[in-house]
Amino acid sequence: MKKVIGMGEIMIQMNPVEKGALKYQTLFERHVAGSEANIIIQMQKLGIQTSFITSVGEDQFGEVVISTLRSEGTDTSGVKVDPEHPTGVYFVQRSYPIPKKTKVFYYRKGSAASFLSQEDIDESIFEDVDLFLVSGITPALSEKCRNAALKALEICERKRIKVAFDTNIRVNLLQNRQKALDTLLPFIQRAQILFTGIGDLYFLFESDLASSIENIKKIAERAELLVIKKGEEGAMCLDLNSGKSFEHSSYPVEVIDELGAGDAFDGAFLAAYLENYSVKECLKFACAAGAITVSLKGDIEPLPSWRDLELFIEIFDKKEEKLLR
Amino acid sequence: MKKVIGMGEIMIQMNPVEKGALKYQTLFERHVAGSEANIIIQMQKLGIQTSFITSVGEDQFGEVVISTLRSEGTDTSGVKVDPEHPTGVYFVQRSYPIPKKTKVFYYRKGSAASFLSQEDIDESIFEDVDLFLVSGITPALSEKCRNAALKALEICERKRIKVAFDTNIRVNLLQNRQKALDTLLPFIQRAQILFTGIGDLYFLFESDLASSIENIKKIAERAELLVIKKGEEGAMCLDLNSGKSFEHSSYPVEVIDELGAGDAFDGAFLAAYLENYSVKECLKFACAAGAITVSLKGDIEPLPSWRDLELFIEIFDKKEEKLLR
Amino acid sequence: MKKVIGMGEIMIQMNPVEKGALKYQTLFERHVAGSEANIIIQMQKLGIQTSFITSVGEDQFGEVVISTLRSEGTDTSGVKVDPEHPTGVYFVQRSYPIPKKTKVFYYRKGSAASFLSQEDIDESIFEDVDLFLVSGITPALSEKCRNAALKALEICERKRIKVAFDTNIRVNLLQNRQKALDTLLPFIQRAQILFTGIGDLYFLFESDLASSIENIKKIAERAELLVIKKGEEGAMCLDLNSGKSFEHSSYPVEVIDELGAGDAFDGAFLAAYLENYSVKECLKFACAAGAITVSLKGDIEPLPSWRDLELFIEIFDKKEEKLLR
Amino acid sequence: MKKVIGMGEIMIQMNPVEKGALKYQTLFERHVAGSEANIIIQMQKLGIQTSFITSVGEDQFGEVVISTLRSEGTDTSGVKVDPEHPTGVYFVQRSYPIPKKTKVFYYRKGSAASFLSQEDIDESIFEDVDLFLVSGITPALSEKCRNAALKALEICERKRIKVAFDTNIRVNLLQNRQKALDTLLPFIQRAQILFTGIGDLYFLFESDLASSIENIKKIAERAELLVIKKGEEGAMCLDLNSGKSFEHSSYPVEVIDELGAGDAFDGAFLAAYLENYSVKECLKFACAAGAITVSLKGDIEPLPSWRDLELFIEIFDKKEEKLLR
Amino acid sequence: MKKVIGMGEIMIQMNPVEKGALKYQTLFERHVAGSEANIIIQMQKLGIQTSFITSVGEDQFGEVVISTLRSEGTDTSGVKVDPEHPTGVYFVQRSYPIPKKTKVFYYRKGSAASFLSQEDIDESIFEDVDLFLVSGITPALSEKCRNAALKALEICERKRIKVAFDTNIRVNLLQNRQKALDTLLPFIQRAQILFTGIGDLYFLFESDLASSIENIKKIAERAELLVIKKGEEGAMCLDLNSGKSFEHSSYPVEVIDELGAGDAFDGAFLAAYLENYSVKECLKFACAAGAITVSLKGDIEPLPSWRDLELFIEIFDKKEEKLLR
Amino acid sequence: MKKVIGMGEIMIQMNPVEKGALKYQTLFERHVAGSEANIIIQMQKLGIQTSFITSVGEDQFGEVVISTLRSEGTDTSGVKVDPEHPTGVYFVQRSYPIPKKTKVFYYRKGSAASFLSQEDIDESIFEDVDLFLVSGITPALSEKCRNAALKALEICERKRIKVAFDTNIRVNLLQNRQKALDTLLPFIQRAQILFTGIGDLYFLFESDLASSIENIKKIAERAELLVIKKGEEGAMCLDLNSGKSFEHSSYPVEVIDELGAGDAFDGAFLAAYLENYSVKECLKFACAAGAITVSLKGDIEPLPSWRDLELFIEIFDKKEEKLLR
């Protein structure tokens, strides 16, 4: 069984039952979410043995985060419980003022995860690991977090663990192009598998897709695969060893909740990659996982198993009427 | 007033408030549903005097079933209350992993209805009845149920009551083609009005639509009307007496809950048929009833009255702007 | 800051949580709504100083109405509290039997607002007002209400306050063409800014759009702008001074709740007009406000601010991928 | 099987999910309730064959009322459907400002039931009836209703049907003592079984319990049983034939919703009476039914069956620990 | 009409729908609360003209706070909108692990209100004010807040405005006795009307009630009334001018939500005081307001009007049965 | 760290949101529960390392059971996933017809757990275990289950693992005294720590408490501690080695949901016992855990940690007012 470690902040998400301006919302569902954790849980659901590094407050919400990881089967021995800082929280505003787009309001300043530091990275849990996964959110959270992530990279270097990185730019953390480039540079340089999206590329390079790809290829010194998510346009993957390029269109599903779809994509891509599927197959599973996730509320709940993915692809690829009941 | 009797299992349906994997659902609505009962209630709402034969447990859920039939005006003197076996229950998983498609998880093994037997069919309630309705689910439930349904056919024979039958194949009850053919044969042979769908035809005959139709026509010895539901493609009806064929396209509504749409279709078709509408009109009302049902959650709640059907058709067929308030 | 007064009935809206036939609904949300009040609150959210004339019962629901206006910042010194008559209530049936269309069931007969009379119009609150807004619902409520509205027109005449009027025909109040024309005539004649819709025009003139426009132009003696809402076709505005005509297509959003969209349109148009935007800009903001409102449940809650409108228009008009988080 | 007819208004009850001032309530459950209908349904649940006389609007809420009666098994052939007047509605405010006490806000003026008239009473449904039940609410609704109820009394006289009457005073309908006495007199005079409560007695006679009883006994010329509900003090019954008096204390349960408890009491008393239980037994069942009803929300839902009543009494009367599961 | 100004933090309260450990809660209601704001709104509901000084974030939750104050009629011209800091949020855990007791989890560090400073206090809104109200929470929030509150005291001194102060100790802000005494000293010294509770007194003086009262009397140099809330034991008030002492027992209601009861008490006491009721009457109204509030969920929603208070007191003080409907 | 293994069925519990007759319930919460699992999770929350033996269906509900155990930290390597039989389900009816008492309706016949057999007991997970826990439900489920439990006893014998047993009689599984005695005999004989309740004792021995204790002591050959739960009377424990007897009264809390309280009691008693607390202390913690659980809905959610238990006991044992916020 392949083994993966992820790292990042996991927060309590307060998601209104109704769509519309947050101001008028009076009933909220509590979810748990974090981009890297979503990716890791997607991998766990696809049979990978996963472990997660984070820090939570010594409070009820910290227990929620740990329980959630544990309930999905992800190992939590790398989770720090911080008695001084609380677990981060954020509020979601869905479909307002832009239908089907989501705004977020963070209460993550001073959160336990933003105080995660180099000292909290326990090298021993990296034993026998095949892949390490982090995204651009973690180094953007705080200098401490960035150093912690760099330490993890350094351990991976020593232990010859592959690194997967998603640029995952959050404009409220990385306000402008220069700050984003400065913060993310060592991660882009180091990743063997590099995920990004057309919005991120435009933010980083302010030019058209082709030029942006050339730009990022220059930085991504050790990348083997460069995966670009293009939303409704589907996704593409450049195999930088062979120079070949692969495309997959998106599956035509109704968008219910865009949050977490990119994470599902990454997780399914990586799990398929670790299971030695072809790049083309990896893209197909990734697009299917993204489509399933985008068609349902929640980040973790829609993440599919292999059986779910295969049924989804069968139904969408074959067109004939199949009895499901 | 025309009089119709239906027969089949009615179950308690536990339907999650949210779409997605059943595993994560924590809040459920209780509904009542059963394919034949849905058809019968649709007919009752369209002015037919209806009665239903089933068996329920002597428990709270059995009372729910009886109350529901009674509240719609369907006569329940043919309902057996079984002190030994419980009322069946099933759980629904909506839109996962296939958006807008529904999976079901049954707790119907050993249910009261599966113990319904020949002895429970009271011939006296067939007096003055114009039509008897059953579907492929009932004979597939158990040998006992199949015999009970055959006894009803035999009563109809003697009393010259027309029979309507919907193949309504459930793959978890009739696992393969052969079992389906063996189980359903006498019902297909006997029905004057025969409903089926493209999925059922493909399951039964594993060939294209045209060949499947030829195949089923050969079996359906006494059929006058063969009605084929084609989902988003609409529906067709072969008048086997005249040899004429009629088509109606489906109405363009958003699919919210596919469950029960075929039942609404059957019920509206049969009610219109009993009210002596032309086959073309029957198809139109059937497609409209299916469209209304597919656009709302629930099986029984969306079933329309004549006034609802007429307004629906007026709005969709005329295009001009009409003030509704 | 521009100052506007509106007048009309505000009711308690009981809106089922689920769509479908009202008969089966068992859970309702309480909202507050009234066409003219919606328009006024839209204007208040867009920076206009607003005030409202209405009458509510001296009961809990009357307090709800006043609290709601107050919470949005609208002045309530013109609201009468009537100890004799209750606040009006209505029930909503969504998406049945026509998907995405709404039916309403009123309990407004004898409501406090229908007893609003000339004596209740306090001239002093019209001081320094730039615009008075009323719609066809108010004169249709009762003879008393119509006289009260006529008195307001007369005050406007004396004080040289512009009048905006929306024909806003309710067929259950104005059963036929003649009654509608008779009731609304003085308001159509008097308005400087006249709103109507293609359904209203067809109801009033029973002819095609072009002829209907000619017909209403003949009546609308003092109109400067004639604004015609065309639903999914967008909207047009005739500048009757210059003779120019302007069009704006509707924004392509999913329709969730059609109620209140026309009110949002009117309010945004008028606010932009008072802020001296061009007619073309007014139409654009109006269409955007309508689109945002139609894509969410509720009448008041979706009404956008300038910031919301601008973001909406930016996202829909530019097509490039923009990071929102 | 004994047969009973009841008569009265049945309304749609909008009951907030939360307790507290109605002003702040935003979520409501729809229930169906009416004092006499509650009593009749209690009797139906206890094996009596019941029928009900009322009038409802030709609207969705009218259908709700009829469905509800039908679902409980009560015959609805005596229900008029009025195309001109709507079904009555009322809103409930629970536990505010007095904990555990309920206020109601009516929208019943001009309701279909208030237009029920002598002409609507169909003598044929009184065939073979053992008891007729009405309460003080019905004659207080309107002069029409009072005459309709008097006509029913007159039919009972001719057909020698026993009459049960509950004074059931509503202060918002019968504002003062004199109006109450004038309105209710012929009903008090006529009833064989007369129910009242300590609040009603104090309102009617403004004196202490003993004097009030003497007063009402003088009026109640034909009463055989005078049953007085005393809330937490339990209940008493005077057998006016024998002159004996019986008492039963109330069962010690937590009060959740006082609405409908008196109706449950009446219904259980009458059902037991018709089944020839002793007065003492009748009081015991009545107190138990009231206690079960008071301990749950809703008027109809808590009404017990014989099995429920017997289990309740067994648990409360024996004190030993009994395994229920 | 009497005029009062209050000052303090108002936060968004996330209150789980269910009681129990926060960890398991997945559905939350959003409320708005703040001890001083609760007191002020209680006074507004009792006919006092109120105004409030606070600071909120320039965000959706800040708008919620302002809307809420406005909807109750409280003037918001003293509310600062801070573009740099968010509106505070807290989560509530009800009845766990102690039944009927509430724990809170704050996300208020760095909130807009904690940055409220002397510069934000606009002297002009103190014109014609009769009373200023603040509690021990405000000076405990931050040094900035404490200085802002001291500036308000100084304005009151100059303008001869009475000061009401409630010690209102929060142990998570004022960790120990010394810190509490140091922080609150100038407020206790300055208040004419001083509220405290037996828990606060024990925390401040660690001795029995009699000694604690002696201790606080020594500090409270200018106090005219010292009001001590004793929970289920009721309340007492020492008139320090006359030396007389008054007691009132608590009303026997079931405790549903203890939050806000003390605030309702203070607000009703102060409103009655400003309306020149006797100290004994003030205590009675205060105890009634506290009882009503403790018997319902929410802080603001249960706050009673005079009519509510009077009905409550009538029902509880007279014992006879009164018809409420 | 002490290590414990439990064994039993874990089911999906469908719990209506509202109290009352199941027949009228339309909204249900899904919970997970099982008596032995509740006990084990209580122990896990109190710091014991736990593991559980059960069998679930290879279905969504089976995944729910495993996720739940895992989320609490209980090891699931002893859980069998059965592809042939479904996970058991039951429905709960709360407070009807007996207030605060719960009835259950099982769909557990043929459940995966009832097919758990000797072969499914993996001896290896008993390594280093300090205690094995089972209750009377497991042997009552099926002969297979009884044999599986007996095999576990036999492993414990060989490995010198202590056995805790709770008689936990379910009358719908063990219909009468004789069947109960026959089924449970070897477990009562074998347990070192034996839990029972006054209802169970009365069912088994049909005599008074003192005689019943003598009776069970004769059977319980190897018992060291006999713990008797007496509901509102508290609990007692006989130390059969020393002959001493200990009592603890119950804590005075409002009963909200009696389900699971006995399990919390057992779990807290055993955890305290394994942590070497005195019998008296064990009883105190057990009564506190039971009281906390009885005061909240749900079986697992209310189970307290040591910190919760200590705070609860401190508040209830000391009476002084303590500031909790």
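Letters A, B, C, D, E and F mark the chains as written, and numbering starts fresh at 1 in each.
Operating definition for what follows: a contact is a pair of C-beta atoms (placed from the backbone, for glycine too) under 8 Å apart; a residue touches a chain by one contact, two chains touch by 3 or more.
Heads up on the chains, UniProt names are A, B, C, D, E, F = Carbohydrate kinase PfkB domain-containing protein.
It should be emphasised that the depicted structure is a prediction, and the values quoted were computed from it without experimental measurement.
> Show which chains lie in contact with chain A and also with chain E.
Of all the chains present, those in contact with both chain A and chain E are C, F.
> Could you label the chain E-chain F interface same or different, taking same to mean over half of its residue numbers are used by both chains?
Mostly different residues: under half of the interface numbers shared.
> State the pair with the higher C-beta contact count; candidates are C-E and B-F.
Between the two chain pairs, B-F has more contacting C-beta pairs.
> Pick from C-E, D-F or A-E: which pair repeats the contacts of B-C, with over half of them the same residue pairs?
Comparing residue numbers across C-E, D-F or A-E, the repeat of B-C turns out to be D-F.
> If you average the CA atoms of chain A and of chain C, how far apart do the two points sit, in angstrom?
Measuring from centre to centre gives 45 Å for this pair.
> Using mean CA coordinates as chain centres, what's the gap between chain A and chain F in Å?
41
> Between chain C and chain F, what is the separation of their C-alpha centroids in Å?
Their C-alpha centroids are separated by 62 Å.
> By residue number and range, which residues of chain B touch two or more other chains?
21, 26, 67
> What's the contact topology between the chains, one of line, ring, star, complete, other?
Shape of the chain contacts: other, as it matches none of the listed patterns.
> Within their complex, state which residues of chain B touch chain D.
It is residues 67-68, 70-73 of chain B that touch chain D.
> Can you tell me which positions in chain B touch chain A when the two form their complex?
Going through chain B, the ones touching chain A are 18-21, 24, 95-104, 169-172, 197-200, 202-203, 231.
> Using the touch definition from the top, list the residues of chain C that touch chain A in their complex.
For this pair, the touching residues of chain C are 253-254, 256, 292, 295-298, 301-302, 304, 308-309, 311-312, 315, 320-325.
> How about chain E: which of its residues touch chain A in the complex?
Touch residues, chain E against chain A: 14, 17, 21-23, 25-30, 59-61, 63-64, 67, 86, 89, 91, 93, 105, 107, 109-110.
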